[in-house]
Amino acid sequence: MEELMQDLVAANRILAEHGVIDAYGHVSVRSPQNPARYWLARAIAPERVQAGDLLEYDLDSRPLDAQARESVRERFIHGEIYKTRPDVVAVVHNHSPSVIPFSVTGVPMRAIFHMAAFIGDGLPNFEIRDVQKGTDLLVKTPALGAALARIVANKPAALMRGHGAVVVGETLARAVGRSVYLEMSARMQMQALLLAQGGRITYLDEAEVAASMPVQDYNRAWPMWRARALEQATREKQES
Amino acid sequence: MEELMQDLVAANRILAEHGVIDAYGHVSVRSPQNPARYWLARAIAPERVQAGDLLEYDLDSRPLDAQARESVRERFIHGEIYKTRPDVVAVVHNHSPSVIPFSVTGVPMRAIFHMAAFIGDGLPNFEIRDVQKGTDLLVKTPALGAALARIVANKPAALMRGHGAVVVGETLARAVGRSVYLEMSARMQMQALLLAQGGRITYLDEAEVAASMPVQDYNRAWPMWRARALEQATREKQES
Amino acid sequence: MEELMQDLVAANRILAEHGVIDAYGHVSVRSPQNPARYWLARAIAPERVQAGDLLEYDLDSRPLDAQARESVRERFIHGEIYKTRPDVVAVVHNHSPSVIPFSVTGVPMRAIFHMAAFIGDGLPNFEIRDVQKGTDLLVKTPALGAALARIVANKPAALMRGHGAVVVGETLARAVGRSVYLEMSARMQMQALLLAQGGRITYLDEAEVAASMPVQDYNRAWPMWRARALEQATREKQES
Amino acid sequence: MEELMQDLVAANRILAEHGVIDAYGHVSVRSPQNPARYWLARAIAPERVQAGDLLEYDLDSRPLDAQARESVRERFIHGEIYKTRPDVVAVVHNHSPSVIPFSVTGVPMRAIFHMAAFIGDGLPNFEIRDVQKGTDLLVKTPALGAALARIVANKPAALMRGHGAVVVGETLARAVGRSVYLEMSARMQMQALLLAQGGRITYLDEAEVAASMPVQDYNRAWPMWRARALEQATREKQES
């Protein structure tokens, strides 16, 4: 369990380090002891997370032992996805800067780079306005979380219009790795579209996507990312 | 008061760290003890500011106790805005690199990303030539400062043609946070415009902007940004 | 020999530092003692490579003394190129982010910047689908490696569709330097194409390419890059 | 004199830190004791320069006391400009990445940002092919240096097709500051051109350029840049 908590500390910091989440993103992991529980950091900037900042939640996103630590308002993203997706072990919510332009234009993201083959023939886009008008775009109620989970459906990720993205995985490494490469892939696709000037772009085809998905576990990157992140966490702890 | 001075030291460094201000930007805060006074660093690169570099000014931008420390020439930006905007507690002037292309093309900035919802349906653009021809673009007189304040009017920010932007807030965190996300939002809008190729872009609508504005206080980012900036300031002090 | 191993440690780290390879790129060097052998790091993120991570392979890409260290699946890229190219002493495989958009659009890369004159009048593009359908795009068999080597032919580099690039050199410095400048050149060409809007671009002509190739040895950059990389490797070793 | 040598060490490192010069750029300063002499680092990557790497040259670019230190081949850029421009005290040659796309397309650079007002209504572009065909683009003879100096004429900078730029100043701070802001300005102009889509862009007018030139001395940035660079140089010296 302690190792998983260290994994989650690392995940927060890796995503911040790669510019995928700013102070307002978050990443959670389902409890291996109880699939009806998940762990998520309190309302704190991800790049400063330590183990003591992690809270346990039930699937209605109620903290079990908050001890005066403030919960993030958008925790329902996590709880509602865990409810509908028993296969999912980790959830990332981010403000991925190169993904947001796709979310507001309707230009579909496509699998262009084998490291982000999971994009497949596109990702759903959550238009919060279809559920509730006049919001601040935050998924801060169970109902909005459930609506988002319905849009994610069985996909590995969904865009959120004018806001960011949600990315899931069967492991923490996969949710984190997909988030890192989703951002890169968005940048590459934008450049390919500008280069092609309306001409043909060769995306990964269905068979290539199917062949790539199982092998893309990001397991070569994960230990290096994790080690570097935890070295930094330790340094900060010693200095404070 | 000492805490506010530390806040202002941090604000200078946060903006530099995020690439929003170069050696020539500045950020000020209104004095909580006397609303007719404000604090601003002397003419020094923001990323090196320490508490001893901060000067107090009256609203005509005259330093109260300069002690041979040189004032920035564009301090009138701050004083004149504080005069016309009693609600404003902090002012940032920057050379935000992704905002400047908007300032010279007349392409209106729009609220595209919920973290920069304050852009609303656009920001005014200060064309210094309308006030005075043949300048070096610097707002270095009370008259130019007053003209800029008139353009800002009751808005949270204004572009400055070929020069940068001015951003205000009811708190220092808000003026700094808005500056950071204004730069990001400009980059996203540029990319969305290129992606959309003249097609439709979904901006935040009026109700979404209205719902977002009060909650966007950047209070989750601020303590992390501040802590990191002051750690760096302390390190530099010890080394010198 | 020890110096060559340090060169290879440095090469891994230089490429990572320049953003040319992520956790999944690799770089090899032919053994000076036996041209039928080459050295390549085990399956580990390049930016963490130490001398103990380097393995020797024969040209069929079988490790000679693996000692439980896992080989990278795409090592056949290296072995098969060394077979067909006796002049080649070093091979880089990367996911060069600005090169990939060219690989999926068919827009030919051209020599636009003297530091990457080796691009000449274009680089071949490896379409794995022409060899095998429905792959995960990885060159993980001898047959795929041989097919890639045929596409590279006598060129200094080849693009790999939706995947990255392979770059070769008569020295390690040259393979690394070419990789760094290939990425930069791709970015410049993309910008030139957008600026030119279909208008004329002046590329290096045939005589200029021919005059540049022999002098571009990257020997001024190499010692600085190497020293910095090995300083970092030493620091990490001491800390662990 | 020692201070000037420290200035030149700093200038090398500042330009590298800002991404304006790679391992192959260089910066020189005219000797205050003898206007027919200038100082330039030996053939070494600029970011590692120390005072012991600096060499004195006459205006024919012959080193006075080389002591086995290798000279950069393109030193004639410096000597020939000092010959024709008595007003010039410092010369930078770089591979400014955002400037090169302008050099190959014929799209004129214009003054778009007050910090780079010195661009005025455009900069000359050195097409080496007009002087000599089939070169490696390097200005490695006195004749090529003299031809470049003729193109620079009385301007503050010139582009070099497919290669980079040369920037001059009446002080070292000015040549360095202009180099930093030329790169930024190129990026802004590229973005403005894409945003404007053929529509109007407001550049600085002639009177604004004339008003800006004398005040743009980069003297607020310089001490901060210099201090940071020399701190780094000292650290490296202690570690080696």
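For this structure, a couple of remarks:
Order of writing sets the labels: A, B, C and D. Residues in every chain begin at 1.
Just so it is clear, contacts are C-beta pairs under 8 Å (C-beta built on N, C-alpha and C of every residue); 3 or more make two chains touch, one makes a residue touch a chain.
The structure displayed is predicted, hence computed values, not measured ones.
Shared contact partners of chain A and chain C do not exist in this assembly. Seen from the C-alpha centroid of chain D, the farthest chain centroid is that of A. Annotation: 31 Å between the Cα-based centres of chain B and chain D. One simple way to say how far apart two chains are is to compare their mean CA positions; for chain B and chain C this gives 44 Å. Of all residues in chain B, those touching 2 or more other chains are 194, listed in ascending order.
According to the touch criterion at the top of this document, the contacting chain pairs are A-B, A-C, B-D, C-D. Residue ranges on chain D touching chain C, taken from their complex, read 22-24, 43-45, 47-48, 95, 97-98, 100-102, 104-107, 127, 129, 133-138, 161-163, 190, 193-194, 239.
By the touch rule above, chain A contacts chain C in their complex via residues 112-115, 117, 184, 187-188, 191-192, 194-196, 199-205, 207-208, 210-212, 215-216, 218, 220-221, 223-225, 227, 231.
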